[in-house]
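Just below sit the structures, each encoded as structure tokens.
Okay, so chain A shows up in both of these, paired with chain B first and chain C after.
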Partner chain A sequence: MGTVLSYRLASLEETIAQLSREDCQIMAGGTDLMVQHKSPMGAPARFDKPVMFIDHLKELKQIDQVNQDLHIGACCTYTEILEHPLIPNIFKVAIKQIAAPAIRNRGTLGGNICNASPAGDTLPLLYIFNAQIRLRSSKGERVVGIQDFILGPRRVDRLREEILTEIILPEMLADRIVFEKVANRRADAIAKISFAGSMRLEGGRVGEARFAFGAVGPTIVRSLDIEQKLKGEAFPLDPKVVDGVVAYFDRIITPIDDHRSTAAYRKTVALRLLRHFLETM
Partner chain B sequence: MIAKDISTSVKKKDHDGKISGQLAYISDVKVDSMLYGVLYRSPIAYGKVRSIRLPPLPEGYEKIGAEHIPGNNFVKLLHNDQPIFANEWVNYIGEPMFMLVGPKLDILYQLVDEVEVDFEEHPAIFTLEEAIKQKDQTGVFAYHEFGESLDVIKSIEKKAHRVIEEVYETGYQEHVYLEPQGMLGIYKADEILVKGSMQCLYYVKNALISALACEDDEVRVIQSPTGGGFGGKEDFPSMMACHVAIAAKVVKKPVMLLFDRAEDMEVTTKRHPAKFTYRTAIDEQGNILSMNVEVFLDGGANAGLSPVVLQRALLNSSGVYKIPHFHAKGYALKTNTVPNGAFRGFGAPQSFAAIESHLGHISSMLKRDPIQYKRNYLVKQGDPTITNGRFRDPILLEDMIQDLLQTADYTKKKEAFRAFNQQNKRFKKGIGASLFLHGCGFTGSGERDHIKAVVKLEKTEQDQVLIKVSNSDMGQGALTTLSKIVAKGLDLPYEDILFPDPDTKDVPDSGPTVASRTTMIVGKLLERAASQLKAGWQSGVAQEVVEHYIHEDMIPWDEETFSGDAYPAYSWGVNLIEVEVDILTGSVRIERVYGSFDIGRAIDERIVKGQIDGGMAQGIAYGFMEKMTSQLGKIQQKTISDYGPPTAMDLVPIESKLYDNPYAGGPYGAKGAGELPLTGGAPAVQAAIEDALQIPFYQIPVTPELIIESLTKKDGDARD
Partner chain C sequence: MRVIKFQLNGREVETDAPPTARLIDVLRDEFAYIGSKEGCGDGECGACSVFVNTLVQNSCLIPVGAIEGAEIMTIDGFSQTELFQMISECYSEAGAVQCGFCIPGMVMASAALLSKNPHPTEEEIREGISGNLCRCTGYNMIVDAIDLAAKKGEGLW
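Right after this comes the complex of A and B.
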């Protein structure tokens, strides 16, 4: 039987120090990693690097408000986030649709981001909130926007020695905000397509509108261009404006056929949800 | 406890072991010097084996293959076309070719990875559609045709006001038993013992005798606690039993073969995909004049139980209706895909989905309410069956429908839904029903000619009573219900009746645990055995009573002409389902589920409620959720979450009701209840979705993808 070298250090400082010395597989809740690394029955999971456990680190489990921003520790579990009074309600709507209670007790927000699945359930909302990711290493720290941090399926802009410590959620003012997850069942399911949208009105006109789509491309799809163009449009929107936005996303959304659904379904549903959002208030 | 009424629920006999997690399933068993087996499976769909190159095997590791089979290299069932180890030709991706055995699983996986096999590949048949096109050349496992002559049907159609023809298709269904398949073979000097998860001990035993070419007393089969079967452990375990038995005989050590979920989903049997053509002639008033049905089943790579599944599919192709001038024919065809086998309902769920859909569509063409339209054709006591048998017992269907329409406030609800749908832009509500039956026990003369069930009750000197039957408790409660039947006959508390894990060394062949026959057929034999034991009870003396199956007086079944009484008794059901469909996403939310059933009399109300809730969930999911696809012979969904059986979040509490209609041929009036509740789920949910969207569907599952495609098409048509 193969053995797996692993660390479970007492503090964030020691963890960061060890990461500066050795390339490790960082593991928070393990709800994705243990599936990705599992062997057939009766054989141990396979890791080609030592495993660094971080799920116990108190430094990564805080939720605080700093000025208008919400700081969420990377190792807060979905359940902890769900139960916290400062978390915006729409995130709770999304988190309630993740897996099932047992997974929500283990899985973490930082883990959902670093796993960088195109279908990650928290990602569309994080995108439209303009979430920032704080990373630390022995050399210092940096903050990066989520859209720059996630590079592709399972690829993020994290250096070997870096650790994601917190997610910064700026306040978002909106008159309407929605999250929709479409899957083959209502629990323990991976999204076929997901959608997040928000809109703020100013004197009968669009003050700000944001949209993001999950599971329809290698990363979450959002367009600042089209959002900019919508600013100042009279609301309810002119049907031509709605058609224009829908046509725009029709061009940039490029989903695939797989064992969960079809490209045609994903695209049609994404556009239907978008249109419905634009036409309803 | 001694309950006055046998229907009163009791604590299940295996409750404590299961709830505490202490009950040992086969994968929990470890015995000294036990080896594991890992199967090398064909990576191609159809071809001839040219050569096999193994990596060097470390000490203690061995290859077990066809060369080690002392007897026949086929799994004995109906046809002899299922190799134990496919060593010459392979017929589907995943077909076992040989097995590597050894002490460590991780090493075995690595060795299997390094095997190289050279094949001469041949063009394979991957879909039922291709098989139908080529059926004249090859691969018909079974064929039947019966009913009114085609000339008569043709002349009726010629004079009819309208002839409505529809094609209808049903998909795969996977059993998703909680416990994947597992089997342990143990070598002993004088016998090979096989233990495992199974429904049919004697199927396994007979397969072993054939494979090992040995005497009856040289093999022994013990059923281990079985975590769900649904038919998936009817035919399939026989092959695994042959694998471990042959290996154990060669290495003279215990050999364990366990599947994990992905392997189980990829290579074990599924529900037969089916294609139907219904052609119905109607007059100007919409009355049905004749009906002509054609059925094709995708049998997969070997016959397995497909011929019998085809029979049940055909026997149910007219639903619960008396149709004038009915004709049907059907084929079970070979494809180079995973073999399809037994699955709760056994061909009937496909047929009921098809006939209910077809009559539903006709009624909406005629602008009639589907339930009212179907009610004109309900079979009644004394009516002939489509095979010229007789519905001999009282049929309560009409009362059940009447009751349910009132309980659900059907007419009012339909109006309320129509109003809701007009006003709501996103969500549409609908209500749909299904009417169905289940023929209890083996099809035709199977019980009399093939099974010939025998049961035994043993009483010890201490006056302890033991049940000796070959039937499995796979979660459906047979341990409890059969104990209750015996206890009632003996006026003893059911807790005092012992029911050890069935062991072929110890129990007679009371038949397989299938076909909704266990309570009705085996239970009746035990009821008789109990009364015989009671009549001759001698305290302090060891006693034994044996009862043999007695065939009821019926119209003799003739398989050749497909005529006579196919079943001794029928259970009946009515389902009503309310849904809300999201037209932006095609997602369907189940809002209310009603199920009314006549199963004679319940032996235990809570156990029956368990069968109803589980069966209906499985049937409803078959209609709109559970989607399994095969691409170039490979099953695409290898995890439970991708396949998508329902969770508690996808269903609502099921409002069910039982109708008392005791059947003299069953113990205390009981009929079969295991399969019936699954049968009506899919057609009712399809009807409800159709009602919500006012769009007909011609296949199940009615997935969100299909709904969105149909809605898009409808929008396009409306614009044109």
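Right after this comes the complex of A and C.
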């Protein structure tokens, strides 16, 4: 195999230029990649492409508000996001449940997205916030919705010459917003099920409801159809309406059995979290 | 092959280890700082905790190529400080050490917590060491030790 070639370039521009010339394994904090590519007996982690280190790039560590949108640099660590005054509180609730302080000091938001785990802890909230992903390459840039960017487990819509530079979080007005993570223990645990929901009321009726489930399918599950149908329903919701929404998700949620949980447990708990969210305010 | 330069326990050092070598291996095998332990190698046990630019991180998850120019402090370096003396004294007093394997990481997590939050509640102490596994003590004596260090070390943190 020989020694691994790697890059740690001084600027984002140089990084983008190199990515246009060579297919690289981009590495931010490395908290997922270093485990996935671990070698036995303390040998260096093995990658089949040159590694491009990006976690030192200052261009990827800004958090700014532009109009009503929050722009979060892809290499902001969980700790940096947790401690930043502009970040919505509900994101802090979710991030506090990721791993433990030492990993939060290293893992990044961009990394959590590109790792595209069905159980990624930041993903359900990013979905209901309609987060946008900005990608740059030597040819230009594009912005894509998170639900279109994540294609499946460990698969994202990123071309090899592109780099995720920032996450754009539009403002969301809600009377209630929740994030729930169900896992074996409170720290260092990967979700068996996660759930994010938001509700805005207008004169006793649902103005807007959004919800998304994690770890119950290959990608986060959200239904714009059902959210649309809930608009205008009187709140508190009629039990028949609640039953209808729960029955709908009972059909579209397809969890699996794995070493972390069972499909039956996942579905039962996911639907109960949804029901609880719809029935309470 | 490119050389990677960084600061280690206050000293300027360099290594020609491959950039994807794990920091834990470089620290132990090349620099003989064997205070940091490898427990799980997956970032779950915290026994390999070091400070990277003063922030506690798992050295088993850090590729050495990413730490160019960083300040790394291991438990070996930290043990020369007054803060360590205080933590060490309180761990002894509270009976917080049994087999000792987790202790280098626990001490680093304790120091990281106290330097950010000198008056932690019990809940905050448990959160502070939530990335560190101990299979002997049941954690209560470690929590007591950190609480003691906060009180006895008033003004130090």
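Rule of thumb we're sticking to: the second predicted complex is superposed on the first by the 279 of 281 C-alpha atoms of A that agree within 3 Å, B and C clash if a C-alpha of one lies under 4 Å from a C-alpha of the other, contacts with A are read in each partner's own complex, and residues count from 1 in each chain.
The working rule: a residue touches a chain if its C-beta (ideal position, glycine included) is under 8 Å from a C-beta of that chain, and two chains touch if they have at least 3 such contacts.
Computed from a prediction, not measured in an experiment: that's the story for all the values here.
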*Counting only touches as set out at the top, which of chain B and chain C does A:Arg272 meet: first, second, both, neither?*
first
*For A:Arg8, is the partner it touches chain B (first), chain C (second), both, or none of the two (neither)?*
second
*asked:* Just checking: does A:Thr262 make contact with chain B only, chain C only, both, or neither of them? Give me first, second, both or neither.
replied: first
_After the superposition on A, what does A:Asn67 contact: first (chain B), second (chain C), both or neither?_
neither
*Between chain B (first) and chain C (second), which does A:Ile103 come into contact with in this model arrangement: first, second, both, or neither?*
second
*Would you sort A:Pro44 into first (chain B), second (chain C), both or neither based on which partner it touches?*
both
*After superposition on the shared chain, which partner residues are touched by A:Ala187: those of chain B (first), chain C (second), both, or neither?*
both
*On chain A, positions contacted by chain B and by chain C*: 42, 44, 100, 186-188
*Complex interface listing, chain C residues touching chain A*: 1, 17-22, 24-25, 29, 38, 41-44, 46, 49, 52, 55-58, 60-63, 65-66, 68-69, 109, 112-113, 127-128, 130-132
*Can you list the residues on chain A that touch chain B in the complex?*
1-2, 39-44, 100, 180, 182, 184-190, 192, 259-262, 264-265, 268-269, 272-273, 276, 280
*Within the complex, which stretch of chain B touches chain A?*
36, 104-106, 109, 258-260, 262-263, 425-426, 584-587, 625, 627, 629, 636-637, 640-642, 644-650, 704-705, 708-709, 712
*Please name which positions on chain A make contact with chain C in the complex.*
3-4, 6, 8, 27, 29-31, 34-35, 37-38, 42, 44-47, 51, 53, 55-56, 79, 99-103, 105-106, 186-188
